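Heads up, there are several structures right after this.
Next come two complexes, and both contain subunit A; in the first it sits with subunit B, in the second with subunit C.
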Partner chain A sequence: MTSFGLGTVDRVIRGRARARAPGRRPGEPRLIGLVYIAPAFVLYALFVLLPATDGAWISLFRWDGVTVATWTGLGNYADAVTDPVVQEAFIHAAVLILFYSIAPVCLGLIITAALSRHRIRGLTAFRTIVFLPQIVAAVVIGVAWQWMYDPQGPLNGLLSAVGLNGLTRAWLGDFGLALPAVGVIGTWVTTGLCAVLFIAGVQQIPLDRYDAARVDGAGPVREFFAVTLPGLRNEIVVALLLTVVDALRAFDLIFVTTKGGPGTETYVPTILIYKRAFQSGQVGSAAAIAAILTAIVLLVSVGIRRLEEAREA
Partner chain B sequence: MITSRGERSLSYAIALLFAVAALAPLAGILIAALHPPGALLSGISLPETLSLDTFGTAWDEAKFSTLMTSSVIVSVSVVVITTLASIPAGYAFGVIRFPFSNVLFYVLIAGIIIPFEAVIIPLYYSFRQIGLTNTYWALILPQAGLQVCFGTFWMRAFFRAAPGELVEAARIDGATTWQVLWRVLVPIGRPAIFTLVVLVFTWSWNDFLLALVMISDDAHRTAPLGLSVFKSRYGLDVPSVSAAAILVALPILVLYVFAQRQFIRGVLSGSIKA
Partner chain C sequence: MIGPRRALVFISVGALMIGCVPGSGQASSPPSTGPSALASAASSGSTGASGSPAAAPSFDTSTPITITEWDTENEAGPSAEIDALNQQFHDKYPNVTIKRTSKGFDDYVATIKLAASAPDAPDIYQGNEGYSVDAALVKAGLIAPLDDYSKAYGWDTRFGSPQTLDVLRWSTDGTKWTQGPLWGVAQKAEVLGVFYNKATMQKLGLTVPTTFDEFVQTLDKAKAGNVAPIVVGGLDGWPLGHIFMMLQAQNEDPKAIANWTFAVPGSTFDDAGTQKAAQIMADWGQKGYFESGFNGVTQSNAAGRFAKGEGLYFLTGPWENGTFAPLGTNVGWFALPGASAGAATPTTGSLSIPYHISSKSKHPDVAAAWIDFITDPQAADIVAGKGDLPAAPLANPGAVDPNSSLAAIIQGFHDKSSAGLLTPYLDWASETMGDTMFGGLQKLSGGKESATAFTSEVQKDWSKAHGG
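And now, the complex of A and B:
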């Protein structure tokens, strides 16, 4: 206890500690824990939990945000489910999952397969670079990609330079291509995350499994499917979990690049929620869509985890 | 491992390809920002002379001194509040047994995946009612409320892994629960706390939605919001908007250069069980 300093202070503390806990056996539940979590919990309850339940309540009213709200029960939900704009937004979110999750997981696996068979020099630098999109503000990423996609931007410049003038276009303003174009930004953001996750995972796979596969005469492809892929199962689940939630929650990027346009081509639930709640005075409807989105996000996260647990069992 | 030469080159080629792809969009705005303000760019054009003037212009035009001040005030406050609240909470969940600890923990970590869009609507109307919109509080408090979920989760993982003998020894010496936390565990937990600080600072610096909804006056705008406003006004001035974007990202990029290990570890392991 010398590190705690003064002997007298020590003795006082020790005396108190003994006096304070008579008859309490070690390991017994103690209410003091509640005091320790109080600050964090109060913050969370006041600014996240309470508003979340408040939002569920708002979703039961027709309200423009200014005048008196009128009760509509599940009316907003019924409207949302049958509203083609809302349906479209959720379909777009599903499409974005392909770009935010499926594509990055596949690309991440390709990177991992390429880098895990032998020692690669500069692996740390590589990790740092591909992870970079994860830490840059979405607004900045939006600005960067909007310039990439600009009619006068680098992408079209590159296409012209290699003689593909016919392919140049205003990517983000193109009906039909705007959503995939936004999706590619998502792929760009999450691929590094998946790669880094998988590269770390591969290092946990026992080397003798690779040796065994090689003794059996497995080439790089068989080795990947027989050893690497099964060994990365956990990491793949985590990657899916993170990126699917990212896809469903995507807002900043889309708001900055297309604001949902052209037309409603890149409308996603979050954009719709923002527009209805803060621009067109359909607050109840926005709250209902938000509640549906939250339910989907929670279900998907629990679902993906269950899937994994079921497989392990 | 014995692998062929061709295979090796292919590996490096793939690595190079993805590294270039990861950097290209950012390099794109960096090159654009090196052009004079207002210059019309087309395709991949390199500036004839290297000058940082555009950064100065963007700094003035977008009022970055105000934006940066707001962002620093907000992010630092969020970091301080989140860290101070998460340490004892993570400690309690990790080390102390108390009633309902399991339920409370699950309720708390639900905050990591909850879409903030679900919270923002009622939050805005409540804050408007009590007159807190267009204040820093409107950004700090909800951000802290959200970040304590991750913070608690993160600190709990650290406290669980902390050597039990150390705590025992301190206990035997008569230290109270509170003293064990601040005099024994927090000092050895500096790396974990540093990671938390770095991540929370980054997330709150990068936040956009909360600022977009809560702030409508010039004085309280944060850097990402300011960038979005600047872009919608000067969208055609690609060099200036690009320079502004880089200014917004710069503090985090600098932080990343020094703490990339912490960033990666935090984002990955923090999210693994979310």
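And now, the complex of A and C:
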């Protein structure tokens, strides 16, 4: 995981190009570059761009996946936009951003702030532990949490043991709490990623800034906002980018834990895509929702990148 | 597990392979001519066998032949049944080798249509009753009609009344269900009923209820005795669906249920009988007849706990019979009783997932012989030997312990099927019905929706699919 902002990398590369090719105007592309990217580009085109284009093409048809499709133009899009189930799914995805993205970034910053004032022994071990959820397969995580959330599972057991019987419930079957319950799993998974990014970033903040802050009489809170937070802005943008995209395309955890239930309480766009493409023979509609989701993910990514560039400027 | 990104790629690659307009790859064999051309080929192939049931097949028994077969019998017991039968088939016809692929149900349903439309489609594969799989396969001309084989091998009379096979009949354009040619045959059958824990029932001082009112009284007694009356995994949705179907089967006219499921115009879900069943469902949820927190429990967890002795009843189909094996002789089964003792009470049931022959198969006669082989009474003995409910009657009924739950299930299925008392699965009614109905039942039993709101919501889905 890079802790450089992409802008930094850009500048380094441009700088080198200028140094090595003095006869060339600065920044002018060299054709040989195309050869360098060709292998990766061919694979990317074959397995990402082409299928994506085709998916967009399919979204213009009504198709059951087997028989000849019928052209419907933007009909699938019109249906998707007006379908309350689809709207609900996108709202749920927005709620998941709180759990997959905002909460982990905040928690990651708290962890980092707690660790950044002192060089702590066993930091590597700690980093490994908070990062662990990232490397466990999502299905395994889903099954484990499903068990913890079971009405007779450890979570309710713990609540009863400390006398909070009133709070015990069927977490994944509770109409108000199923979505937050799934969201908390996401928080648990992505907090480690954010913390590791931020801890690595903090180590690159020159120690003299902390010394200066302390000499000026800054306490831990002041120091965090004056030194740590500004020093981490690139890492925060990277973390937001990764986790927001994770939230929008969340599928595996929900598929394993609730399949969208109870009722439609945990429907998200990807669950609808799956159901329509593979269960109910509405492949065109599934492709349309996928296209909308892709557009939103791209827009959000660009928006977050803008955030970074605006700050750098 | 298919992630969303990969799903997209998957769909797209599928479309790439078959041309510009999705699905146009089949245009060379349009539904109207494909199957009928095949029907004549099939009949000429099996003319030698026509008329005499279970006659020897007419295929070449000397040249080596490989048949590819796809199924979703991937759990230990059922998988062993198919392996054993494949071996026996190979022993009988040494020139025939069966190449088998087996997948879990969710995976299977997600991939079978693509596999079926590929040029090297399996010769034999399982479909699934309903619009999203079987109807699509028929409409695309991907499977062959089996009526000639059915006559030759006597399939039409193998499974009790000939109507039992109606769920595998479709018009050749895949729009009219239960009418037209026969497209598949099933090895297993399903009948929804009540598993009960004999020891718990005895401990509570109860006897097997013979009327619906008595059944409800046992639920009250179990609750009073701090035993979960009905263990069920509502998180999965469909388990609630199956309970509701049993309730509807005895509160609604079975003919009306069939008409509604098979899309007879003018049918409705939103009427008194079905609303009454929905109200019972809501009451059961509110009165605590379902185990506490049932909407947060998966069916496999629920079944696992019932198998360990928890709860009094488990309302489901015969596929869980194997799961309950740890209860030994303590597990019993009965069909949900009706208003009066001994009355002919309908329940939900049908043939299980069917086997089809690919219209692209070069060896349809061999495929038909295989289907005959795995669905005959001798095969039924093997199926029952693993604790499953075979569609055909047993060759040797004495082999099943008469006190076992399996014996009760086999008896129950044949009683109901021969008396025409089986109603179809409601989620067959439209491609989206499973989601609509099961999600609705979670709301209904969780006290989030009224019985009439549920029935009208379901009817809305039906009208969207079938008009009216």
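The rule is simple: the second predicted complex is superposed on the first by the 270 of 313 C-alpha atoms of A that agree within 3 Å, B and C clash if a C-alpha of one lies under 4 Å from a C-alpha of the other, contacts with A are read in each partner's own complex, and residues count from 1 in each chain.
Note that in this section contacts are C-beta pairs under 8 Å (C-beta built on N, C-alpha and C of every residue); 3 or more make two chains touch, one makes a residue touch a chain.
What you are looking at is a predicted structure, and each value in this text was computed from that prediction instead of being measured.
In the superposition on chain A, A:170 contacts subunit C only, with no contact to subunit B. Ranked by how many residues of subunit A each touches, subunit B and subunit C are led by B. Once chain A of one complex is fitted onto chain A of the other, the partner contacts of A:148 are limited to subunit B, with no touch recorded for subunit C.
Judged by the touch definition given at the top, the superposed model places A:75 against neither subunit B nor subunit C. Judged by the touch definition given at the top, the superposed model places A:262 against subunit C, while subunit B stays out of reach.
By the touch criterion stated above, A:135 is placed in contact with subunit B alone, subunit C being left untouched. Applying the stated contact rule after C-alpha superposition, one finds that A:180 touches neither subunit B nor subunit C. When the two structures are aligned on the shared chain, A:64 is found in touch with subunit C, with no touch to subunit B. Once the two complexes are overlaid on the shared chain, A:197 sits against subunit B while remaining clear of subunit C.
On subunit A, the patch touched by subunit B and the patch touched by subunit C overlap at residues 47-48, 51-52, 54-55, 57-58, 65, 138-139, 147, 150, 152, 249, 251-252, 255-256, 270, 273-274, 277-278, 283, 286-287, 290, 293. Within the complex formed with subunit C, the subunit A residues making contact are 47-48, 50-55, 57-58, 61, 63-69, 71, 138-139, 146-147, 149-152, 169-175, 249, 251-252, 255-256, 258-264, 270, 273-275, 277-284, 286-287, 290, 293. Every residue of subunit A that touches subunit B in the complex is listed here, in rising order: 1, 3-4, 10, 13-18, 20, 27-34, 36-37, 39-41, 43-44, 46-49, 51-52, 54-55, 57-58, 65, 107, 110-111, 114-115, 117-120, 122, 126-141, 143-145, 147-148, 150, 152-154, 156-158, 160-161, 188, 191-193, 195-197, 200, 210, 220, 238, 241-242, 245, 248-249, 251-252, 255-256, 269-270, 273-274, 277-278, 283, 286-287, 290-291, 293-294, 297-298, 301. Subunit C contributes residues 1-5, 7-9, 11-16, 21-24, 26-27, 31, 109-110, 113-114, 116-117, 131-132, 136-137, 139-140, 142, 174, 234-237, 291-298, 301, 305, 431-432, 434-435, 438-440, 442-443, 446, 448 to its touches with subunit A in the complex.
Residue ranges on subunit B touching subunit A, taken from their complex, read 1, 3, 7-8, 10-12, 14-15, 18-19, 21-26, 28-29, 32, 40-45, 81, 84-86, 88-89, 91-93, 96-99, 101, 104, 107-108, 110-111, 113-126, 141-142, 144-146, 148-149, 151-152, 170, 173-177, 179, 183, 202, 205-206, 208-209, 212-213, 223-225, 227-228, 231, 238, 241-242, 244-246, 248-249, 252-253, 256, 260, 263-264, 267-268, 271-272, 274.
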